[in-house]
Amino acid sequence: MRVGKTEVVDTFAEAFGMWGARVIITADTKNWARAAAQSFTGFATSVIRCKCEAAVECEISDTDTPDLRPGISVLLFAMSEKDMSARLVERIGQCVMTCPTTACYNGLENGTTVPVGQRLRFFGDGHQIAKVVGGRKFWRIPIMGGEFLVDDVFGVQPAIGGGNLLMLGRSGRTALRAASGAADAMRDVAGVFLPFPQGVVGSGSKVGSRYKGMIASTNEAYCPTLRGRVENSALPEGIAAVYEVVVNGLDENALREAMRRGIQAAAERGVDYVSAGNYGGTLGQYKFHLYELLESN
Amino acid sequence: MMLIPGRSSKQGTSLNAGKLKEEYQAVTSTIEMNESTMRKLGLSAGDRVRLSCTTGKVEVECGKPRKDEDLPDGMIFIPYGPSSSELMESDTAGSGMPMSKQMMVDVECLGAK
Amino acid sequence: MSETKTPEAAKDEPNIRIVEDATCTFCGCVCDDMELTVDLDANRITKAKNACVLGRAWFLQHGIEDHPQAMIDGREVPLEEAMDEAARILHEAKFPITYGLSDSPCEAQRVAVAINDLVLGNIDTTTSVCHGPSGIAFQGVGESTSTLGEVKNRADLVIYWGGNPAESHPRHFTRYTVTPKGRYIPNGKKDRYVVLIDVRKTPSAPVADQLIRVKPGRDFELLWALRALVRGRDVDPDIEKITGVSREVLDELVERMKNCNFGVLFFGMGLTMTRGRHFNSGALLALATDLNKYTHFVAKPVRGHGNVTGADNVVSWQTGYPFGVNFHRGYPRFNPGEYTTVDLLARGDADAALMIATDPASNFPKRAIEHLKKIPVISLDAKPTYTSRQARVAFMVATYGINTGGTVYRMDDVPITLRPAFDSPFPTDEEVLTGIHTRLKKLRANGRKKAA
Amino acid sequence: MAENGTELRIKGGKVYDPANGIDGEVRDVLVRDGRIVDKVSEKARTFNIPGMVVMPGGIDIHCHIAGPKVNLSRKLQPEDHRLDVHPGTDVTRSGVGGVTPSVPPLAARHVIEEFHDTPVIDKGFYVLLGNNMFLYDLLKQGRKQDFKDAIAWWVTAARAASVKLVNAGSDEFWKGRRNENVTDVNEKIDPFDLTPLHATAAFIEAVDELNMPHPAHIHCNNLGHSGNFQTTLDTMKAAEGHRAHIAHIQFHSYAGELGKRVQTGSEAIIDYINTHENITTDIGMVMFGKATAMTADAPLTWMLRFKDTKWINADTECESGCGVMPFEYQDTNYTHTMQWAIGLELFLLSQDPWRVMFSTDHPNGASFRTYPRLIRLLMDRGFRAEMMKQVNQKAISNCLLPQLDREYSLYEIAIITRAAPARALGLANKGHLGVGADADITIYTDDENRERMFNAPRYVIKAGKPIIEDHEFVDDHIGRFLHTEPEYDSAIEDQIRPFFDDYYSIRFNNYRVDASYLHDHEVIPLRNSGNGRKKKGK
Amino acid sequence: MHTELELTTAPEVPIEAECLSPAKIKGLSQSGIEHLAMMHGNRKVRVGDFFRVTGNGQSSLRLEGDLSRVKYIGAGMKEGEVRVNGSAGMHLGAGMSGGVIRVSGDASDWVGPEMSGGRIEVMGNAGHMVGSAYRGQRVGIMGGEILIHGNVKNELGSAMRRGLIAVGGQAGDFVGVNMRAGTIVVMGGMGIRAGAGMVRGSIISFEPVELLPTFTYSCWLRPTFLRFYLCHLGQSGFEIDDDHMGGRYRRYCGDSVEENRGEILVFDSR
């Protein structure tokens, strides 16, 4: 199917079930909230080596945060509920609590909860204080800068990771421009985030490797330099670079909407092909057919 | 000024004679203050005095001055009885006990009897 | 056991009787070492050896007055008629209250509780306006306490707080707490250190080795600071500004308290009647308990009336609660502030009142007195009072301890039997109450019959 | 007392009357004028109760239901009774027929007054003399005869049923030595030149020799401390063959090291009791749930006090002390479970139900309302095993209880709750259903579930008068007051009087409880004093 | 839909009416409600003797009239709503664990004793012992919210263990005495001896407070957690100034007679 000058390949993106949480970080100023969020989401591109994936979802104005201070919403995904608790505790403890003037709240109301504040409270060494207001329990942990506030538990919900689009370009610049454009468009959708730097992956991978201990390795079918060497190359002739836009979402609809906007944005930027990564439908529970995404509009 | 009702031996003994008898009534409507306070208020023993607060007001007689070290400035002592009741607030704050000591009252001199 | 004897010298005057070891019920000291000389012709006590100034007045002033036994609306009526009317009032009332009891023997108190059990009334004693707050405090923190004899035998540190026993309980010092020699206090007062804490220098001050003047209304702050210091915590450096007592004095007192062998804190209305009420008593009781970590320490309210302690005990063993007990639902309920008499009257809740040996019309807050005027009142007293004067039904009863026997409880819960001195033409309060109780039982039974 | 001529025929029940050797035999019980008789007229009211279980009215040998401590505790805990609004039912729960709180003599009048207001049951009390200064003075001076006379005077003056010792010697430690306690029974008590063990032995001997119906009733030293079973053994040995009753022995049967975890000492204790006829005891069982620590052993309650739990200490001059504190036994707690297990071990290892009696030391170990459940624990090993699963397992693995599979029979239950305490208290006319006995009878619907069975007696007959019929109260009864009057030389009063002048705060003449307080009462005859049943009318 | 009860006969003596709670009337017919028993002093009476009942039993109950002598309204309620258009008597919402009570006028002493959940809102004043323990009880309310827009008297929230109590006006002495935990916000100033014997918990005052000598000043701060509470109260109809929301508070630790783990925060206008 063609969208503008762009050929959308008839394939599907294969995505996986994950668990997701939304973390609201507030601070006295927007800058401190950003600083905390930046630390929090650092080294969180892929569960493969980072144990979780995280990125900023959006900024929140001081009229809409729980404590009426400037805030940032961050999404964090991991593979299990237990992991969620561990990752949240690590990252809130190391990246948010340590950041001046911050507080950290749960941003998901529904569903299951995992202990976070109730584990972090031990930092208070017996001086911590629990508070409950409007059914919400949080902890006040005395710190050198004053007090750190964190919700007792955080909501987690089943979520989807690994949604992706592949931008195939005859020039690297075209592909990258399309990928960045798509990423920007996708990021505006509530409930999704793009875990990789600026949302774009330059080194997409396949599962497994010829080497023991490597769970993933370069995806040779999409490496332009290997087109002449490997038999399973998926690249049409003339493709100079492939960039992947990886997107995770709290639910299927958000993810669909994001990918749809991504294809549109890529097409607007005149990339040659938009494709998607999959493993033949054998691994992930979710399949996002690119045509269906476009048709549903 | 702070009014402190309390027991005194005279109030106790006159009680036995009978509450409706003159002695008890006289004892329980006589107040005591220290010398300085009386001087400040221009009072001398035997003067009539009106005590009042939001609850009520009552006329009593000013008794002999007490030494300054015996009674703090600004404090009035009166033996328990009908006069102190008249000024007593009925709210017990969930305790059953009305505030029967340390009542804040205004003092007005009515001159000698 | 001989309680009366006719002394040799009195043989020619057969109408003089000597009562030994009689008990004075005027105040909570309940001294039981009175030697009364009774003129049986004149129906009066002519001499009360060992009595204090209040006790003498009590014994000598209680003769037999010429007064009707019973009156309805100020008119003399036969006793029976008055009891009928009293029973009718209580039977018909929707919210009958009973109050007083602290100048009645336990035997009468038991009937009073039974009456309230029967009419589903509300019973309260003068405790509620005396050491009721201490009772509430007691329920919160407990109490380390002792009988007065233990103080006499062992106490080497005696502290009075907010009380003036020299005037209210004249023999407290001499018979129980300061001057007497005891088993481990061979030299009496010399072996004790006495501290008086009060807002003013009362006539009790001369007995004390040390007077600590606390600013009026600051007892709680002072007690609280002492508790903190006893526990080894610091207090606001402005403590002197707040309480009028310097840190040095406090530290010294704390050391003295921790290092005595047997300490006692007596406390009076200066705590219970002032701002803070039960919390003031509670702070003091807690302080005494805290001190038990270091030494033996007890606390004791100095109770006013002769048998107010008995009233607490009787009401407690019959209802489970010490005062302010309501039976509307057929079982006892307790809630000071709700079922206590000042509140019930001031709020206008009660619609009939049985006042036993008490005079709320003279010593209650004005607002309560005003409601009392609006409802039928039954009064029992040995003397005419403001209350009896305005009562619908007024009984004149014999004086307990002088004309009638029975049991009273001293302020330290020690029960003592009374030895009456001479007969009275007036009925005892137990008799009047029993008469009312019997009538009420009949009225109830008739009511049930009618209903059936 | 039932009116003359009231006759009852209780027909067809299974009768358990161990004092007369009757073990579940179906037979009629006949009642006239408040007593068991062998014949009644045709007019007798008949209760047809085939299949039901008939027992004499219960006798409680150790239970605090009245007196100053109990009253303090009532005043202390409004929150405890606010939600439990059935006054009066307590006292008849399992047809309890007699109770015995202990009281310092100075407050004897109080307890008697309170007894007047306690319906249905007959009751008496033990007088606390174990820390009496005057008696200690006599002991110190070696005046044995005076000591005996003075004890007899005190029992008579207070109108008590016997003498109780509580943590003998501890008063001087507690009041006089800044809240210390006796730890070693051989330590000298200042200033008496006497040890707690000497004092205890002297009391045991004197009370026995005075032929009091019930021997010295002893709350041993070191209650509740790990390793205290040694003290208990020492105390029992010090009796040297004299009669002695060791109260709530469960609390005194702990092995282990002082200050460390409690271990069971039940075997050593019960072995001694099994082989020594002069000792009687009651268990003082602990049951899980709310209790009130209430004892003349004030230092003990101070030790138990947790954080700022409200606490009462009340010293009685020259005589005693007292501590009261709300308490809760928790099945998750090691110590509490151990106490529960030790109590059951003592019951199950006892070889003579006539000397090892039923009690919870109400309200210290548990409320008397738990009696039915305790009976089931003794009678039903399946239930016991079930309960054992729900409690602290560490304690269970540390005790003997799992190895014991004895089950009490109804006959044995009738002994430990009726016949034995009656015998131990010298109540010849109670605790059995032989001709001439008081017609105090409890009738239960037989039920495999013994808890349910004992929880609600079908009928309770008190002094020949039906009080409960078909589980409901139908009548009221004013019970009798029981006390004893040992003999003494009245010259002892001249010795005691000056002591009063010096050290008491009330007059000697006002101390004795006079006859006007006794109302309907009965004097329990002294041992070996023939059958002279002295009775004083109302 | 709601059930309406209008007080038409003024009681001579107090009424005890724990039947005036949604759970007790739910599913009853109009006459069933009229026949519910109440106590009028020591007499058993019926709801219909004093109230005009409109409608059958709903989970929402509207009470009209001066009910200041009617005790135990909404006692023990677990869900639903009681709205009092007028004043309410003692023990309002005693032991409630859920649902909402709204009183347009004043409430008397003992509002919400032994409460464990739900919300009580009083637009006028309330008396003593709001949200307090009954005598002898060591632990007071276990949860829920009590919001009084007017003034209250002594012993607000005594021994409270959990929950939120807010007072728009003034409070009397001994606010939060013996408090175990929980939060009390008083906007119009309070009497003396706040927090006496408190073990844990927070007492917040917008006005200066005289503190006991056993409280120790820590620092001033702009407490983030408080913003949370004030937002919540703002949503519940209290007017919250920006000053109070973001302002600085002096923090005192106490009570040192206890474990010294409680706090009193006093708004510092500087």
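A, B, C, D and E are the chain letters, set down in written order, and residue numbers restart from 1 in every chain.
Here is the rule we use: a contact is a pair of C-beta atoms (placed from the backbone, for glycine too) under 8 Å apart; a residue touches a chain by one contact, two chains touch by 3 or more.
Predicted model only: the values in this text are computed from it and were never measured.
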Using the touch definition up top, find the fewest steps from chain B to chain E.
1
Between chain D and chain E, which partner chains are common?
C
Going by C-alpha centres, which chain is most central here?
E
Just how far, in Å, is the C-alpha centre of chain D from the one of chain C?
34
Can you give the whole-Å distance between the Cα centres of chain A and chain D?
74
Roughly how far is chain A from chain E, centre to centre by C-alpha average, rounded to an integer in Å?
46
Cα centroid separation between chain C and chain E, in whole Å?
36
Any chance you could list the residues of chain A touching two or more other chains?
none
Could you tell me which residues belong to chain D and also touch two or more other chains?
76-79, 82, 308, 310
Residues of chain C that contact two or more other chains, please.
136, 139-140, 275, 329, 334, 336-338
Show me, using the given definition of touch, all chain pairs that touch one another.
A-E, B-C, B-E, C-D, C-E, D-E
Quick check on the complex: what are the chain D residues that touch chain E?
76-80, 82, 308, 310
Enumerate the contact residues on chain E facing chain C in the complex.
12-14, 16, 39-43, 69, 90, 109-110, 128-129, 134-136, 138, 173-174, 177-178, 192-193, 196, 211-216, 255-257, 260
Considering the complex alone, what residue numbers of chain E touch chain A?
143, 162-164, 181, 183, 200, 202, 221-225, 227-229, 231-232, 245, 261, 263
Listed in rising order, chain A residues that touch chain E in their complex are 26, 66-69, 103, 127, 129-134, 138, 140, 146-147, 149
Quick one: which bits of chain E touch chain B in the complex? Just the residue numbers, please.
109-110, 127-129, 153-155, 172-173
